[in-house]
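Per-chain residue numbering starts at 1, and chain names A, B, C, D, E and F are given in the order in which the chains are listed.
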Amino acid sequence: MGRYRPTSPEELPKFAGVRTFMRMPHVRTLEDVNFVVVGIPFDDATTFRSGARFGPEGIRSISAMIRPWHPVHDIDVFEHLSGVDYGDVAVVPGDVEATCEKTARDFQAIAAAGVTSFAMGGDHSVTLGELRGLCAVHGPLALVHFDAHVDTSEGNYGRKYDHGTPFRRAAEEKLVETSRSIQIGIRGGRAGPEYYQQSRDMGYEVIAMHEFEQLGVAAVLERIHKRVGDMQCFITIDIDAVDPAYAPGTGTPEVGGFTSREILNLVRGLKGLNIKGGDVLEVIPAIDTGEITAYLAANLLYEMICLQALAHRGG
Amino acid sequence: MGRYRPTSPEELPKFAGVRTFMRMPHVRTLEDVNFVVVGIPFDDATTFRSGARFGPEGIRSISAMIRPWHPVHDIDVFEHLSGVDYGDVAVVPGDVEATCEKTARDFQAIAAAGVTSFAMGGDHSVTLGELRGLCAVHGPLALVHFDAHVDTSEGNYGRKYDHGTPFRRAAEEKLVETSRSIQIGIRGGRAGPEYYQQSRDMGYEVIAMHEFEQLGVAAVLERIHKRVGDMQCFITIDIDAVDPAYAPGTGTPEVGGFTSREILNLVRGLKGLNIKGGDVLEVIPAIDTGEITAYLAANLLYEMICLQALAHRGG
Amino acid sequence: MGRYRPTSPEELPKFAGVRTFMRMPHVRTLEDVNFVVVGIPFDDATTFRSGARFGPEGIRSISAMIRPWHPVHDIDVFEHLSGVDYGDVAVVPGDVEATCEKTARDFQAIAAAGVTSFAMGGDHSVTLGELRGLCAVHGPLALVHFDAHVDTSEGNYGRKYDHGTPFRRAAEEKLVETSRSIQIGIRGGRAGPEYYQQSRDMGYEVIAMHEFEQLGVAAVLERIHKRVGDMQCFITIDIDAVDPAYAPGTGTPEVGGFTSREILNLVRGLKGLNIKGGDVLEVIPAIDTGEITAYLAANLLYEMICLQALAHRGG
Amino acid sequence: MGRYRPTSPEELPKFAGVRTFMRMPHVRTLEDVNFVVVGIPFDDATTFRSGARFGPEGIRSISAMIRPWHPVHDIDVFEHLSGVDYGDVAVVPGDVEATCEKTARDFQAIAAAGVTSFAMGGDHSVTLGELRGLCAVHGPLALVHFDAHVDTSEGNYGRKYDHGTPFRRAAEEKLVETSRSIQIGIRGGRAGPEYYQQSRDMGYEVIAMHEFEQLGVAAVLERIHKRVGDMQCFITIDIDAVDPAYAPGTGTPEVGGFTSREILNLVRGLKGLNIKGGDVLEVIPAIDTGEITAYLAANLLYEMICLQALAHRGG
Amino acid sequence: MGRYRPTSPEELPKFAGVRTFMRMPHVRTLEDVNFVVVGIPFDDATTFRSGARFGPEGIRSISAMIRPWHPVHDIDVFEHLSGVDYGDVAVVPGDVEATCEKTARDFQAIAAAGVTSFAMGGDHSVTLGELRGLCAVHGPLALVHFDAHVDTSEGNYGRKYDHGTPFRRAAEEKLVETSRSIQIGIRGGRAGPEYYQQSRDMGYEVIAMHEFEQLGVAAVLERIHKRVGDMQCFITIDIDAVDPAYAPGTGTPEVGGFTSREILNLVRGLKGLNIKGGDVLEVIPAIDTGEITAYLAANLLYEMICLQALAHRGG
Amino acid sequence: MGRYRPTSPEELPKFAGVRTFMRMPHVRTLEDVNFVVVGIPFDDATTFRSGARFGPEGIRSISAMIRPWHPVHDIDVFEHLSGVDYGDVAVVPGDVEATCEKTARDFQAIAAAGVTSFAMGGDHSVTLGELRGLCAVHGPLALVHFDAHVDTSEGNYGRKYDHGTPFRRAAEEKLVETSRSIQIGIRGGRAGPEYYQQSRDMGYEVIAMHEFEQLGVAAVLERIHKRVGDMQCFITIDIDAVDPAYAPGTGTPEVGGFTSREILNLVRGLKGLNIKGGDVLEVIPAIDTGEITAYLAANLLYEMICLQALAHRGG
């Protein structure tokens, strides 16, 4: 049984108490901890709607409803793991590079302590900092990336770092091993075919949404497992991978996305991968409805945590 | 042709008039009536969000858009049935037991008059009162239960009666025949495997959501019909059985639920069952968007009413 | 390369600037133009919720996110076409007939100039004016109509022209060739079986939603292509064809509709038809959430424009 | 004690039951009735936002909170009066003239029965029908008109009847005696000085908002009483007379309006006038927040009803 | 300088971090603490809208914007006081009496430690528990009560304890000294004159809203100070004392309330009273807009804390 | 009569057409133009909520309701002035300095052409760019600044330029003559007394909100006129100067602000000043309700434009 585990509803109703992820203790420690959930409330690197700086707050709030035992995997997370809400990175508003640096420092410390990190964005620019931190400890990672966008642009408006460039930068910095990495769910009108091509040119495998529609969940999972193999990997989910009906609260929505069941099954199907961390990005509570976007995001983090618990049990 | 039927839009536009369910007359009579729709605006037995006390109002409001003839069943409800909006149970705010008792009294009277009841919640605690009332007249019922939660807990916070316990109490009180009853759509992180097991231990059949995903609508309908057979039954739908994308306005949403077409086809497929009553629960208008939750709830009640009309025509 | 094309995000961020459809120039010219997008902000012909007069504004606003190149068709619209935002028809509030006349005049001028028109409603009554304008130039058109409702009523409340009658009037006026026309997605409780029958009696083919559920996208597309053949046609999409989860912001929603992927694939599958114009109707921004309805509507217009681009490239 | 009076909360909680104004019985009778509250859900005569057709529903819903005894006047309405919710006028969507005629017929019948009418709009065009009905029985009326707009335009877009013209038409038809009538709260940018002048030319006294700010409540009340004297009168309140902070849910808001306390004190100060009827208009629930606009509107109707009760007690 | 003080924005931006009141440490200690802020998330004792159980969360969230130094009093709270966010009382959902008991126990412990408590509701029923706890240590208190309602009813629906009865129960239990207590802002239609009279009969002084309008802030403050004198007192603010324009997010709003500046000046004017605790109640985030209700509530608590700081500095 | 003036509602209803400020032509010219309205959609320099990048769109949208003639000043803007909507500055997302530079360049060009500029923010950081542009042509300006915050901080998080620093930078760069400048409406808890003092130390006159409450509108206007005299000046209004009840849609709201009538009268009272430009900032449409914040902002710009028209008429 893990040292740190959520407050039970019997002790305090789910709607009560200071909000932390899944009601885990908010302790800034890495001792006796297997995983941390961390917020990175930064949204000054977006190209359309801002507001994702409140993503961690929104996700924490509704995550109170999630319980430790997973019915499909039949596992209780906290029987195998000890986890805390590590709080938020001390982001620097308006300064993507300083924020990236601070993020890297925090995540390196976490990884160095042998703790797995699960992060709540924030816009997608924040993933670069996470990857820098993790790579400093673990070396390059395979990337499993669910998104409507490839996020491998050269840059926008002369900015090298924004929410459309992290996976170009990550490849350039050799934080990810693109030949073992894959992007799934890409779609929508773009500037031109070079949009998809740039990812492939960098070595990423890309499964566009219309390809996913043909392949289905099982075949795509096979492709992912084949691609990643046993390499240590990082899972990153831009919530806009999901259809706006299921995730209206986001900054650059794209029609025709995943359903909630598809994305849940995709993440569940990552069982067996060697996961070093993960994140869910681009939740904007101010334009969410009934907290459904935030709750789906919280559940996707929970699904990742379950994968870690399975690995612990298995291993 | 039934004595009581809705005001037609030709007489009064659909957006006009005092709101009653489907614009049926609001008459507190059981004479010349085949079915009633009743509200039970109680929400003091919830464990997360409150607000379902306004469920009946929200459902009534948007139900104005529903018309009597059903295109799949090819039947006009009011050619076969006479129906009224019976108003709301005089619930006792904050007192789940007194409310339950009042509900039971009303529903017993309705059932005793040979009238079928369709209820609008309220949180799921109110179903116990309905079942007590119906059972007093009809004896034990088979239960067809769509929900994200089993609602068979021992109790929460020392309360015997809340929205997580009605189907334990109903089984204990022998209001339902669990060996002929079935729960469909259950999912989500829970305290542990005992969550599902407690229902099975009480005799319920449980089809978890991930099992439904494998089986599909047709196979699940077969399981339901086999289970219930010709026993008199009660249909209860917690709107959170449906995915939050389709039903954001509810109190304890759970990701990965039914689509609207799945739940509609599941209810349509109950044709042939011997239905004594039904309800739709847990609609919270204050957090709904575009009344989509309330409208889906209203339609699910309408689908149940159509089943009764089919039985009348058939019988 | 077309003369008129959108402002690129590099020039001006997507969230900046006066809103026009897809950020195309707002020029009231037909010279050097292949297609126009036009708003028809009229909503005084509705039978339930009003508010679609703000539809064009809502669609324009979020359409800023759409880019010219389509990943499935692999085509850049503006390499083949020149397009402008033609602004709105000078509708006459409260006067459906005067508005229809003004609409007809504008669309006749557009068609006469050899320009294809794509319109943003407004309620569905506005399509009649479009059809009058187009028919005056092109002669009768085949109709490909996605909707929850047939819109072929005799009239409501003594009004000959409202959002429930355009396709009866269009047939009576011989603007559409019903024997080459088809309606898809029809569903929901109605006054009686005559509701569907009236369309069929006028010569329309009708694929109800429950029939679509059996057939699937591919088979339905085959039916459409067979029906329309090479006749010149008009595509009209009432956004309520789509499920309220995907399109909450509309006036007469109907549960159990298309998913976003289905409707997108249906429109993409119209490739090869001889399209003279199209429209998307009944978007009400005031009750939308996260602009998801408006964005889906904008994308459906974009999909139609892509079909025209494909035809240009092909032809 | 009146025959018809509201359901008490003891009998049924305020949040329960089919919604009627102040929970009065919904009975379409004029016998043993002193006053009726009637909805006129028409909004096809507006020049900006539509949606006021749902005004009566919104006002009814929240009016459940109002109780019979008034603390300032120290009077219990239903000790002196019998009142019912008469339901809605069977408006004709899209047809302002037919709706006006139907309204006139209903209100003439009400007035002829010696019953006072209080109406819930709808847009301001509906007042003309009310005045026609009342004038047919009582002869011309003095008008006490609170509004941001004079509503005495010649017409807009060639329409003689819309929400900007009722008080020109009423004057032309000699339904109101303009020399005894007064308009208060007028403000906002207009086409030109003729906007205010047209009202004065027709004989109305006009107190612009900036004049009210100088005069204050007491002096304005004096002006009203002096103007109206003992002539029979009609009170009409466009909710946009109030500042958007207090009444966001309306169609043509204007900044710098009355506070809630000012408008309440203005209506309370009409005590002693010979009131034959009144209405509150232009509430749009879809853009309201927390029902504050609808609740203020409901209270303004209640204040008018209290004035009638005072007159009964006094007389 | 107090031991516990808020995280500064320089350390962590105001929009970042786990939400606590004013970003004070969330520590469940009473050592080296002068005041605590505590949430009491209970709303099962309401008579209209539920949802105040999320009040503490909403207040905490936006309270991040409040800084320690007060410009009118010219005092920095944390130069004089050490304060923590004590978390929430472990309320018992649906059980007002058990919750009251738990609340009393917690607040007695706080008071016994010489710590001042400031509570965030929750509906107004929770104040009784606070008063029981405080009275057990301090003896009876004078009450300064801002509210639209007297909350001195005998009971509703047979319940002795709900949000309309706390100050009757408190008087009966001699927790408050009514002869030194005062209620301000009372208004709105009620069942009858006994509504106000019952408070006066119990010994409370009552200043109705219409009396406040005549008297103004300064005179009312004089009345309060005269009434309370130097007796130890408790300040309770039902947010519905404020006008719905300023506080839309509440359960039983009443038109014609205080402006934000009036209520702020009223609380500031309590300087010099011997304050033992206070609370702000009835905030419902789900129906708030732009968090304005929650932010006003947070500021009112801050104003109370400033009064304590002034007393410390003074004393 | 000016060359450029708004589209009249007779030509096109107010709810129709591509949205420009007050429906003026969107022309990027400075010829035959007296004033321009310009958007600066930048919000990456905020310290709490982001979202003001959509401010210009929100203000344009609802500004359609404003008409040219002002009832208090009795002047028709466009009889004296020619005005256009100049579109938006091509801001650089995430780069406050580049945006500032671009803004300065645009505004210098505008000023050099003898055209007066009125800008729509964007967060308050954008004013620095405006001032740089204007000062390059006109030399230093007196500042009339309405705000809840002084915005004269040294910097936050190491950033020299954000929405809390523009008036320190402006003073340092000698863009404003602080001895002729004044800040009004400042309030709210701050880090310490140095918050107010820093402004005074730089030479600004500061009228805190609690001082305004004592002084009233007339006396404050006298102070402003005395301070500014006949120096050329710039008016800058942070919408959070206004109370959240009147302006909920903003990023750093502060309770206890101006009412709409106060701020309108304050701006009207600036008549006679030698105004070279002005702006309204910090409108966030995503958290507005009923567009009331955007509409008040639009009206404040209109009031400034009226002042210019008065000056033209006068001069």
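The working rule: a residue touches a chain if its C-beta (ideal position, glycine included) is under 8 Å from a C-beta of that chain, and two chains touch if they have at least 3 such contacts.
Quantities reported herein were computed from a predicted structural model and do not represent experimental measurements.
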A correct list of chains touching both chain A and chain F reads C, E
Centroid-based (C-alpha) most distant chain relative to chain F: B
From chain A, which chain is the farthest off, judged by mean CA positions? D
Using CA atom averages as chain centres, what separation in Å is found between chain C and chain E? 55
With chain centres defined as C-alpha means, what is the inter-centre distance between chain B and chain C in Å? 37
Cα centroid separation, chain B vs chain D, in Å, comes to 40
At least two other chains touched by the same residue of chain D: list those residues. 13, 15, 47, 49, 53-54, 93, 156-157, 243, 245, 259, 287, 289
Chains touch in the following pairs A-B, A-C, A-E, A-F, B-C, B-D, B-E, C-D, C-F, D-E, D-F, E-F
Residue numbers of chain E touching chain D in their complex, please. 47-49, 156-157, 186-193, 195-196, 208, 210, 213, 243-245, 248-250, 252-253, 255-257, 259, 287-289
Which residues, counting only chain D, touch chain B once they are in their complex? 11-13, 15-20, 26, 39, 41, 53-54, 56-57, 60-61, 85, 87-91, 93
In the complex formed with chain C, which residues of chain B make contact? 8-10, 13-15, 64-72, 74, 76, 243, 245-246, 259-261, 264-265, 289-292, 295-296, 299, 302
Residue numbers on chain F that touch chain A, as the complex places them: 43-47, 49-51, 53-54, 92-96, 98, 156-159, 162, 286-287
